[in-house]
Every structure is written in C-alpha cells, then in structure tokens.
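One chain, subunit A, appears in both complexes that follow, with subunit B as partner in the first and subunit C in the second.
Then we have the complex of A and B:
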C-alpha cells in the first residue's frame, strides 16, 4: 500500500515536471527578471545601472501614465459588464433556436472572433472612413457632420469598446450557451406547471444556474480587457496617442520606441500588480455572491 | 580591426570573386509596397549576373518599429543579416545602440564611390560624428502632385507646361481659392489625420523660413518655435478655409487626388508608381509632380534616404570574402538605381541622375531639382521615421491642423513633451 503511494507520487512528479520546468523557465523566471529590470535604467537590449525606486517615483508623477491608467479603466468599464450582458442576451436568443438554424446563427456571431486584429482594424477603419465610410451615413445624422471617430477624443474609447465587444463576444456566447444547455429542462417544465411567468423562469432558474459561467466570463473579460493594446494602437497610429494611451501600449512605446527598458518594466510591474489585485478581488467577490 | 584584415578585405574586394566559393548574402529590407516589387526585380537581376559568385537571399520584413527592433535585437546576439536597408533618419539612434558597423573610406573606395557621389545633405545624413554608417541608395522627399487638366482650366499652367504662380504663401492660397471657384471639391489633399505624416510638410515649411529642429535641451533653437507655429498654421488655415479636408488619412488623401476631387496633393514620391500605373491604364487625368513651391523665404523640402547598412553582428564579424560580397552588392545596386527611380525615389548616386535615361524620365527629372534644397531629420536619437519626434508631431499637429487647439498651444505642448524625453 505504502509503496503504491510512493509509486503514485513518483509518477505524478514525472508527469508534472515538464510543466513545472517550462512554467518556471518561460513564466516565473521572466517575471523575476522584469521586476529586477524595473529597478535599473537599462535600455531595451543590454544591462543598466541599479537606480533603486527612481523609476517608480518618475512613474507616479508621469502624466502619460495617469492617462494610460484612466483610459484602461474606462475601457474596462465600457467593455467587461456590457460585453458580458450582450453575450448573455445573444446566448439566450440563440438557445431558443433549434437545429441547423442555431448552428448558422451561432456561427455568424462567432465569426468575428476568429479574425486577426489587423483585419478587424482594416474592416472598421474602412467602415468609419471620414469621407467614404459606410457608417458615416449613421454618424452624420447623429453628430450633424462627418466624424473621424479615431481622431475625436470623446468618440475614441467608446468606438474601440464597441468594436472589441463585436470582435470578442463570440467566445462568451459559446460559454453561456454551454451553461444554458446544462440547465435541466425539467426545472423549466416543473416551474411552468406551477404557473411561473417567463420573467420568473429567468430570474429564479436561468440566472442563478448560469451565475458560475457569468463569473467566469466576467473574470476572463476583465483580465483580457486590462491588457487592451492592439486595437487602440492600430486606431490611434499617427494621431493623439498621448491622449488615447493605454497601459500595455505605454509599455510598448517606452520599450520599443524610446529604448527605455527599465522604465517599461516598471509600467509592466504596475500593470501586473493591478491585474493580480483585480482578478483576485473580483473572483472572490463574485464567488461570495454566488454562494449566498 | 587590424590593418592586415583591412588589407585582406580590400584586396578581396578588388580580386575577381570567381575563383572563390559562392557567397550567400543575407539581406533584410522593409520594402513591401510597389517599390518592393522593383527591389525584388533588382535582386533577381543581381543574382542572375552573379551566378556562381554571389547570391542575395532576401527577406522582407514589416516596416517601422518592428523592423528596427528586430534588427537591433538580432545584431545584439550576432543573428542579424549581412546587409539591410535602413532609413538615414534612424542612423543616430542605431549608432547609439551599437547596431551598425562603420563603413570605412577603404570600403567606399572599393565600391568606386566617394562622398562626392552623393548630394551633400544626403551624404551628411548617413554620417555620425565623421563616421559613415550607410551608403545612400535613394532620397525620397515629398513633392506637390498636380492635376494638369484642372490647373489648366484655372489658368495655373505656364508656357513651359508646368504649374505657375504658386510661389509665396499668398499666391499659393489664391491659387487654391481659384481652383475651388472653378468647381474643385477640395483644392488640396494633404494628410490631416496623422500629424506624424504631416510632419514632413510642416518640417519643410519650417525649413523654408530658415527654422530648424535641434536636439536634446534645445529642440527649437532661436525663433524656430514661432516659425513652427507659422508652418502648422498654413495647414490649419487650409482646413479652416475648406481647401483641405479635415481628419483625412493616407489612403483617402490619395483617393481624393486620383479621383479628381482635389487638384493638388502633397505626398511622398513613392506614390509616383500609383499615378504611372493608373495613367498607363488610361484611368487618370494628365498629371505631374513638382518640387514644393516656396511658400516662405527659400526652397526647402523634407527628405529621407533609403540606405544600405551593415549590421554590427556581435561576436560574428563577417569574413573578408563575405564583406567583399556585401560591398559588391551595394556597388551594383547603386550603379543600377535607375530602375529604382521608376518607384519615384530619386537615386542617391548623382551619376545616375545625370544619365540621359533619368533626365528623360518624367515627372522624376522635373522634381529631381529639389535635391539641392533638401532637409533631413534632425540628428537625434529621438528623431527619424517612427520615432519619438514623429509621435509627438502626431499628438501636436493632428489637433492643431484640424482646429482643435491653436498652433501656438500645440507647438508649446510638443516642446514640453520633447523636453521630457
């Protein structure tokens, strides 16, 4: 019995070692490096001198960092909850369909998700082109003039948020659909026999039972959207990048454009801390609510 | 580098390479557009002519920061190519990063070139503190494209068949008004959604007033700040007066010109093939391109140069044979840059410009006069294409050109941002 247990342990160790080695080498070690570099004035390539907390002091007083922090938060507010809500709505509608029609509609909603960000950018840049864009037909009556969405500051973040929801929603819809299919049909039948209304069916059965999936969606979305970069970078190119800056973009710009590796690592450490805190907080909070 | 090594290098460059084994020259460039097609042609011609001796193995990478980052990281670990294209404006930064190997006077002699082979400002742009880091292949300035049919109707074509009456800001603006009065939807198309791109025009107009952009600590020497405001104001006025469309991006700018909606366009010479191709298919009006008119005190046009550079591959210096092969590649390309001129670029090799074939190539021969009046990017690690300076220009000029902030505020903000670098 004892030897069996030891054998099992050895087997387990052998099985997880490749993972541990790769994880340690590819994730843990670079993270330690990142923190170390953030205390130096290193360029992008090569070593720098130890300068203690200077980078952190400079960062806290850096107006562009403040803008990036605010823009990232604003983007998260615009996308995480609204995006998840839209996904749930679409999933509820899709789940009412049957057979090939359901597959077709689901495919239509999922299609944008498989597009690379550059394609998403080209499509929407074309649609919103200030002179020839199809969407100007909608924008002009609303704003009273043609608007270059990507060069008008109040339009920028909501615009990117809308596109991001359109682009990434397919994945959340899939998760919700899987969750909805897991709810036993007899619950609805029993409730209907007892005279429950549609709204009651949703609030008393669907919503509580789908909650774990909602938590998962919200958490994935939060982490993903805190790391927003590509869309903002592409749409803002050549424009007022300092006003539309987000955190990861700032890391990229300081490291690759300004050759300041140490400072870029400092921004990265801050983002790492923020993502870690938010993920833990959100997951705990939502889990508590779900357990109640 | 020892003397013997240099001697070996030189002699191998002079010797016929036929007796040696075939050298493979790894080549990286960032030429993806119409000029990329022409470069591939040149490379295949070179390979055909040097069969059994030297073969270029070319890779085309993404333009801009991705290219320069890859080169920097690859050279730092000795994995860079043997030769690469490089923007002259990016050389100061590359030198500070130790990415480029110097090109010695002996190398230059081995290629049969000298500083006098190039326009002085172009040659100056590839040198840092007296050391040469690249051989210029072309210069690519911005020019003024014009729709000859529309200009003729507005009486703006002179007896020599070229646009006339455009010198001086007042005259130029009057010409724009005339074109609008004559029914043009827009008078001029200049990119207004991308202040980094518009930097080329604004910097030209700054130079036309005798203003300069300096370097760290003194970005706008003398009264250059005021002159930069004037330059920005020129485009802001065009937009405010309805001559130039607001918030217009690059593809739209080209489309407005080629569709006949705007009789003028300020853009890089690299759009020449677009016009040539459209005209060849009979889908374009009579067109031409000229040096930017003198809107202020003297002629001056922004230019950059595609140059050939040799990366400083750390721990892996090239063999003498490889180095000689690389020099042969540069020499051959420079000599055959006439074909490159069909992409609009002005060959850097003056002998090619003076050739009869080039002098009959239009509109290239017309705008080539501008090489006497070029201004390159300031020599700073923060300047050059896709640099911090371009980024700050994007922030400041995009807002100012479209009337969101006034020119003075935008330029002051730009100065503050540059001082923080």
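Then we have the complex of A and C:
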C-alpha cells in the first residue's frame, strides 16, 4: 500500500507540474509584481524607487481616473441590465419556435458572439460611416442630420453599448434558453387549464423560475463589462480618448504611452479590487447553484 | 404553450401566436442585418460601396478577397493566428485536464492550495495583469514571438473547474476496478476518464479556440511587428493600409472571422454545451 501511495504522489506531481509552472509564472508572479510596483515610480521597463502610497494618493485626485471610473460605470449601466433584458426577451421568443426554424433563428441571434472584436468594429464603423453608412438612414431622421457617432461625445458610449449588446448577447440568450428548457411544461399546461393568460403565465411561472438564471447573467455581464477595453479603444482611435477613457484603457495608456509602469499598476490594482469584489459574489452564486 | 389554444377563443390566440412568430423573424433579420450588409459590401467594388445601397451587388466581385489574400499581410496574420490559437487550445486543454484530474482524483499535499490558485485566477481580471505580463514577456525576450503571445493566454481556470467537476461526477467504481487491474494514473486519465465523454473535451477545445482566435488586448500588446500580428489585431490596422476601401476592408473582416464562424456552425451543439458547462447551468 505504501508504494501505491508513493505512486499516487509521483503521478500527482507530474500531472500538476505544467499547471504550476504556467499559473505560477503567468498568474501568481505577475499578480504579486503588480501590487509591488504599484508602490514604486517604475517606468514600464526598468526599476523604480519605493514611494509608498504616493501613487494611490495621486490616483484618487487624478481627474482622468475619475473620468475612466465614471465612463466604466456608465458603460456598465448602459449594457448590463438592458442587455440582460433584451436577451431574456429574445430567449422567450426563440423558445416558442420549434425544429429547424428555432435553430435558424437562434443561429442568427448568436452569430455576432463568435466574431472577433475587430470585425465587429469594422462592420459597425462601416454601418455608421458619416457619409455612406446604412444606419445614417435611421440617425438622420432622429437627429435631423448625419452624425459622426464616434466623434460626438453624447453618442459615443450609448453607441458602444448598443454594439456590445448586439455582440455579446448570444451568451446570455443561450443561458436563458437552457433555463427556460428546465421549467417543467406541465406547470404551463396546468395553469392554462385554469384559464391563465399569456402574461400571467410569464409573471407567475416563467419569471420566478428563471430568476436564478437572470441573476447569473447579470453578474457575468457585470464582471465582463467592467473589463471593457477593446471596443472603446477601437472606436475612439484618433479621437479625444481622454473624454471616453475607461479603466483598462487607462492602464494601457499610462503604461504604454506614458511609460509609467508603477502608476499603471496602481490603476490595475483598483480595477482588480473592484472586479474581485463582484467575482466573489458571482462565485458564491455558482456555489449555491452547484450545491443544489 | 400549445395548451393555450384550448378553450374557445382559439382563433384570436392563434393570431397572436402567428404575430409573435412574425415579430421574432423580423427581429432576427434585423439582428443579422449588420453581418449581411458586411457580406454584401465585401462583394462590391470599392467604388460601388459608396454609391450603391441595393440589397445585392449589381456587379458582384471577389476583388476585395483577392486583394486581401495576394496583396496584404493577411496570409501571414492567418498563419500567426492559427499557430497561436491551436497551441493555446492544445496546451490549455491538456494542462487543465491533467490538473483537474489530479485535484479531483488524487490525494496529495497542497491540493487545497492549488484549488485556491484556480479560484483566485478565476476572480482576477486578466486585463489588470497586462502591464506585468508585458514586463515578464519582454524580460525573457519573447515580445513579437508566437510563444510570447501564447504564454499569458494559457490561464483558463474555468476549463480546470469544468474538468474537476466532470471527473468528480464519474462513478468511483470504474476507477477502483481499473486500479485493481494495475492501470497507471496516466492510463486512467487518457484511456478511461477522458474517453468517457469526449464531448466535454471537444466543447472546451472549441470554446478555447474561438476565445484565442478572437482575443485582442494581449496579442495587440505582445506583437507590434506587422509580420507577427494575429488576424484579429491585424484587421484593425488595414483601415490605414487599405485607405477608404470598404470592399477590401470588409472582405478582410469576413476572412478573419471565417475559422471561428465555421467552428461555430459545425459544432453548434458543443459551443452551447461549453457555455452551459462553464457557467454550471444544465442545458
């Protein structure tokens, strides 16, 4: 038995060594390093001096950081709840369909999700092109003129939010569809025998039973959208990026354009703390689901 | 909801159903319109893109595609994307399966610590680590190399969690019987556990591949040399290189999304399964 135990230990060691090397090198070490250099004035590459909490003090008073924090929150507000609501609506519509029609319609709604972000950018940049964009046909009657959406501040974030919902909603739609499928059909049959209307079926059966999935979608979306960078960066290219700055973009700018590694790490630590709080929440939810 | 049509107002409710279906189809068409418009535009001559708004090109052409393939960096970017995405998929899935197996089935000191590392990496926003990833990768001289793009993207804790849960769910008796027969842990993992449901591995591989092909931020930072860029990053730079030539630009975009679109269309069910697995929802 002792040799069995030793064999098990050796096998475990061999199996987890690749994991340990990769996660140690690419996760644990950069995380420790991020926290350490946030207390220094290091450039991107090279050593800096220990300056204690100076970076954190500067950050709290930094107007661009405030803008980034606000824009990130604004983006979260514009995408998380509206996106989840739209996803639920679409899932309800798709779940009514059957057979090949359902597969086709679902594919049409899901397809944007698998596109690379730069492709999404190129497609919508063309659609919103100020002179030749197809969407100017909708924008012109609304605004009274053609609008250069990505250079007009009040249009920018709602525009990116709309595109993000279009792009990432497939994920939530699939989750809702799985949730809807888990609701026993005889509940609906029994209720409609009692003369319940379509609306009553939704408010009394579907909504309460789909609520756990809704919470899951909301938390996943929240964590995802707090990390917004790609779309905002791409659409703001060449414009006044300061006013449309989001948090990850500020990390990028301070590190790679202003060569302030220490300060960038400080911004990263802030993002890290915010996301970690919500992730712990999400993990608790997942565990609750798993426990049942 | 067919039960709704029981009772007397049958006709009225059927009408509502038909209307809802119609509404659904219209919504789906609108949702798909941006992709359709991109496809149509990619088939027009550049000059036509700015003066033709018909739903089908009057003068269809493949010039945008031919230009992209013969006259730009697209083939090189494709190669870079293929190499990095396939490597990330193979390594990440293999490493995750091994770690998931060890945590689920074996007893060894430090097992709990390992589990904590996984949960922590699940909670930490990877974009927060870009600065330090860059410092580390630059430090070992791997900027503008495939390996440099690959390494930081191997952190896929969800895959480890999915494998652990999958192995946890398998009946204990199989393992005990195989151990009695003198099978090694590696035989157990690769001959018994993984083959019990290749669907899990296929699902995780496809979702990892799509994620790797599509990732933007890290490859964008790790490779600024045009010859080392991935398709996803490269496509954002063609606007400058191609000029105002939306036919060409969109043809490039279509080519860039082809592999992931095909992966999805061929393995639709697996993509759904992967999403269900990684969120803990039973489909």
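Here is the rule we use: the second predicted complex is superposed on the first by the 249 of 292 C-alpha atoms of A that agree within 3 Å, B and C clash if a C-alpha of one lies under 4 Å from a C-alpha of the other, contacts with A are read in each partner's own complex, and residues count from 1 in each chain.
Here is the rule we go by: a contact is a pair of C-beta atoms (placed from the backbone, for glycine too) under 8 Å apart; a residue touches a chain by one contact, two chains touch by 3 or more.
This structure is a prediction, so every number in the text was calculated from the model and none was measured.
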**Request:** Could you say whether A:107 touches subunit B, subunit C, both of them, or neither, answering first, second, both or neither?
**Result:** second
**Message:** So in the superposed three-chain picture, is A:117 touching just subunit B, just subunit C, both, or none of them (first/second/both/neither)?
**Reply:** second
**Prompt:** Who does A:130 touch here: subunit B (first), subunit C (second), both, or neither?
**Reply:** first
**Asked** Now for A:44: first (subunit B), second (subunit C), both, or neither, which partner does it touch?
**Response** both
**Request:** Give one of first, second, both or neither to describe whether A:171 is in contact with subunit B, with subunit C, with both, or with none.
**Result:** second
**Message:** Tell me the contact category for A:250 with respect to subunit B and subunit C: first, second, both or neither.
**Reply:** neither
**Request:** Check the residue A:75 against both partner chains and state whether it touches subunit B (first), subunit C (second), both, or neither.
**Result:** neither
**Message:** Which chain, subunit B or subunit C, ends up touching more residues of subunit A in the combined arrangement?
**Reply:** C
**Prompt:** Between subunit B and subunit C, which residues of subunit A are contacted by each of them?
**Reply:** 44-45, 125, 129, 131-132, 256
**Message:** Touching residues of subunit C toward subunit A in the complex: what are they?
**Reply:** 1, 3-4, 6-7, 16-17, 20-21, 23-25, 27-29, 31-32, 34-35, 37-38, 41, 49-50, 53, 94-96, 98-99, 101-103, 106-108, 114, 117-136, 138, 151-152, 154-155, 160, 165, 184-186, 189, 210, 213-214, 216-217, 221, 231-233, 235-236, 239, 246, 249-250, 252-253, 256-257, 260-261, 263-265, 268, 271-272, 275-276, 279-283
**Item:** Touch list for subunit A against partner subunit B, complex
**Value:** 43-46, 125, 129-132, 148, 150-152, 237-243, 253, 256-259
**Complete:** In their shared complex, subunit A is touched by residues of subunit B numbered 65, 69, 72-73, 76, 93, 97, 193-197, 245-249, 252, 255-256, 381-382, 386-388, 391, 394-395, 398-399, 402, 417, 421
**Complete:** The answer for subunit A against subunit C in the complex is residues 7-9, 11-13, 15-16, 18-20, 22-23, 25-31, 33-34, 37, 44-45, 90, 93-94, 96-97, 103-105, 107-112, 114-119, 121-127, 129, 131-132, 134, 166, 171, 174-175, 178-179, 181-182, 188-189, 192-193, 195, 198, 201, 213, 216, 220, 223, 226-227, 229-230, 234, 248, 251-252, 255-256, 261, 264-265, 268-269, 271-272, 275-276, 279-280, 283, 286, 289-290
